[in-house]
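Shared between the two complexes below is subunit A, which pairs with subunit B and subunit C, respectively.
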Partner chain A sequence: MATVDRASEGRGGFAVMLPFRLAPRESSVWRFADWISLRAAVVLVAGLWLGLAVDAFAASAAAQPSILSLMVKWSPVLFGGFLFNLLISFLSMAIGTAAGIILGLFQVSLRIPLRRSAWVVTQFFRNAPWLVLLFYCILLIPFELSIFGRTVPFPDWIKAVFGLSLPVMAYVSEFVRGAVQSIPSGQWEAAESLAFSRRKTMTMIILPQCVKRVLPPWMNLYAILTMATPLVSIVGVQEVMTLTRAALGAENRVDLLIPIYIYVLSWFFIYCYPISRYTVRLERHFTVIG
Partner chain B sequence: MDRIEVFFRWLHETQRMNFTIGYDAYDRGRFFVGLLTTAELSIICIVLSLLVGVTGAWVQGSRSALLRNVTHGYIAFFRNTPPLIQLYFFYFALGSILPQIDAGGGLTRPPISGFGWAVISLSFFAGALNVEIFRAGLEAVPRTTVEAAEALGYTRWQSYRHVVLPLALRVSLPALGTNLVNLVKTTTLAYAIAVPELLYVSAQIWSDELNVREMMNLVLLSYVAIIAVLVWILHHWERALRIPGFGRP
Partner chain C sequence: MNWTPAEPIVSIREVFKSFGQLVVLKGISIDVKMGEVICIIGPSGSGKSTMLRCINGLISIDRGSILVEGQEVHDPALDKLALRKKVGMVFQQYNLFPHRTALQNVMMAPIHVLGQPKAEVEARARGLMKKVRLEGKENAYPGELSGGQQQRVAIARSLAMNPQVMLFDEVTGALDPETVKEVLVTIKELAEEGMTCILVTHEMGFAREIADHIYFTDRGVIVEHGPPVTFFANPRDPRTREFLGQIL
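The block that comes next holds the complex of A and B.
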């Protein structure tokens, strides 16, 4: 990268002496792609608003509330639901990541039974459908637990958080295992020669190097998790999808269906698209060009 | 067959494990119909999503900026929105504007069934990622290899068909496998629009027979088994297509 920068800056210097490099083409391509998708999004949104304006005009003639006014009316409720989805995604990600790191470290443990069983658990939860795991948690976790004589209620949404964190745990476990195994064995040997214990090698040398390898897939997983949160509506937790269906039921307008679904979809898009763009950029940034 | 039924009845009466599909022919029938529907849905969606992927990757390499932009928008949208809401959008929103078909006897029916919408929605969802996977595979084929093929007198189409595509397929196979496994897991979403696949029929059985615990475990194991079979097939395919001299044997 340094060479490229010097080549682009040093016009007055001995540019000829520097190895010939093309300008960083990828980044301009990606900037172009960003611009294109931004334009596509603008066209889509403009089309939607134009459609709504036409519809408002028609509605004022037909003496019924326009689609636009209905969407504005329901927006606060729907947005509250959307925020709840985000809360579920934060909690699931936190629990799943914590459990996944532990499971992933078990997977690289020197104790063979521990390593094998951690592998089985990881593969099982990684390959089970998210919705089935959600059902599993919702139906089979009791609705309250008594700990030391005190009953702790377990509402459905907390069970759903656990249900979603199971696959997250399995994926994070695989990320950690992959990252630890991708660290060159020279690092282990060097640490050993400096008399680091295994635990110290892991926490002070190996894991810090794993962070940048794990970060891009971890962020990608977060985006996938956020897009999986509407699943909890199927198992009866009230979130944005439940509220959308309720709004549709209350208004009972067939022409509201398409706009409102696009509306909700675009919220998720606006939230998830920057994350996935940033993931791509980070991946590119961390790639070792050899 | 009788022995099996006797065993499951014994399990129910003495061990309190009520696997109704073990001794009740009706439940067993329902369960296998669900299993078949899941298999059918998965296979059709896999084939269609691969077609979408190949077509999309081809379009992305085309000269028309409009086509490329449309493909880019399609990928960005379908990859960054929840598949469940996509399915609802197809089934409820688009389904509502299609004209009804006369089903005879004064009844009407929608032109596309829930199963049909699930196929369309899931294929587009998985297809969006397949486009990117195939494109990455095509880009990974070294330029020099294509030039070598041209030097040997291959036409554009011939070098694409005999040189580029076989290499690209092998490069994209691991990512493709992951995506197809994900697709099969995503077929459970069809539950939400009442397509009688494995999860849906199991939910029917556990609400009729009140054996949630047993059915839930059975469903989970069934899905893990289905995925295991798919992973096994993909693994063997990958090994059969391995490029000699690349990777570890």
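The block that comes next holds the complex of A and C.
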């Protein structure tokens, strides 16, 4: 009887002994934000459809094509443009990531001149407006280049890819530097005492541990980059925004303006939202595992 | 260069080291013969860990000489990797590689540093896991192991390089009292097999039991040293007496 009492007393009395979750799976703030954004999206989409239904009814009375039919008509062209945006985002991300990893490794190099210059380059491109970088690339890169007697053309969209990959490079460089420096110094000491060279320590021990730290911010950057791709329309690349403006010009219908932009915007949302949600999930997963 | 096993395998002479304004080592001299077990004790901040890190070249020294098998560690032309193949080190915080399993931790350095064939290394690594009583934990990641288990993997990882000398830097300092013993048993077995060991430790009972020689350091100098029996029974220096009085 006495032992039973003691056991129950222990269970009730020492809260620190109870099992607890390391990190809450979903904080109330996130749940609230989700709730609000979901409601907002539902209202927006429902409003759009309601508007389109009313318009279709009115259009049949006024004997002009309805907004919906116009949107369906332009969809293939616009969607082609959207895929072009995605292509630009893939290429910029790939080039920027490759260059950024190299630049980031230079930033943690033991050679001081290399480290300093990599830092300057990183800071310069990280703190420059993306649009200015785009203009620079469009204006500075020649439209064609002669290499070994062969002429390689550089169309505007390729230049734009380079322009967008510059800030990506700078951000990735900072991710790499931050991740490498966040690895406890004991890992370096242990590797050194096992006679690993610096290069092997980096490639086999430090960088593999950096991947999970870099992945969430890297995916976040990709989502931001994708949403920034319409910028290239300003420098004359025929992507989805340019085509949307062209469609609006061809139809000459003021009431098409808002629905068609919401339509195009929703593609970006449908593409980017899952990425950002998955990033949040990854971040949480990694904080729990440590 | 003509080192013979009769000479000390590690010979530390008048070593000085400072970090900025802080002088950490003020003329340390220690000789370690092959197969000997040396314990270094002393209050925190007396330079014990710094000295260990000097022996395998993790930290450079300002003045003096450290010879390992007759080779000057302080020589800038020294092949540090060759030195570190001879000197194994185990840390207070284990420092296992968290992205690799226990067995992979043990196998990595022999395969990628020494270039030994994988099959041979794996057989040896499994043997070492058994030796540190961690059979069945080969595929566990460090995060899934207790502190004592991780520390034993770290010992096995060091042994896989077949070192001549093992350095232990307060290896039980971060462990629960219950798991301290399992690590100490492993070290004791190692010492009994004739491995040359230099330990920095706060486990006085353990030091008394396994050490051939005990050094007491305080504020960067060696205050007193001797075989454990005389050292613990008749400490001569008042600082040693004060320290032992607080601990025992």
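The definition used in the following text is that the second predicted complex is superposed on the first by the 247 of 290 C-alpha atoms of A that agree within 3 Å, B and C clash if a C-alpha of one lies under 4 Å from a C-alpha of the other, contacts with A are read in each partner's own complex, and residues count from 1 in each chain.
To be clear about the criterion, contacts are C-beta pairs under 8 Å (C-beta built on N, C-alpha and C of every residue); 3 or more make two chains touch, one makes a residue touch a chain.
Since we're looking at a predicted model, the values are computed, not measured.
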| item | value |
| --- | --- |
| Contacts of A:G249 with subunit B and subunit C, given as first, second, both or neither | neither |
| First, second, both or neither for A:A195, with subunit B first and subunit C second | second |
| Touched partner set for A:A223, first subunit B, second subunit C, both or neither | first |
| Partner chain(s) touched by A:F268 [first = subunit B, second = subunit C, both, neither] | first |
| Touching partner for A:P129 - first (subunit B), second (subunit C), both, neither | first |
| Subunit B/subunit C common contact set on subunit A | none |
| Complex contact set, residues of subunit B against subunit A | 69, 72-73, 76-77, 79-86, 88-89, 92-94, 96-97, 181, 185-189, 191-192, 199, 203, 212-213, 216, 219-220, 223-224, 227-228, 231 |
| Contact footprint of subunit C on subunit A as seen in their complex | 184, 186-187, 189-197, 200, 204-205, 208-209, 289-290 |
| Touching residues on subunit C, where the partner in the complex is subunit A | 53, 56, 58, 80-82, 84-85, 87-89, 91, 93, 95-99, 108-109, 112-113, 143, 154, 157-158, 161 |
| Subunit B-touching residues of subunit A, taken from the complex the two chains share | 33, 36-37, 39-41, 44, 124, 127-133, 135-136, 139-140, 223, 226-231, 233-234, 241, 254, 257-258, 261-262, 264-266, 268-269, 272-273, 276 |
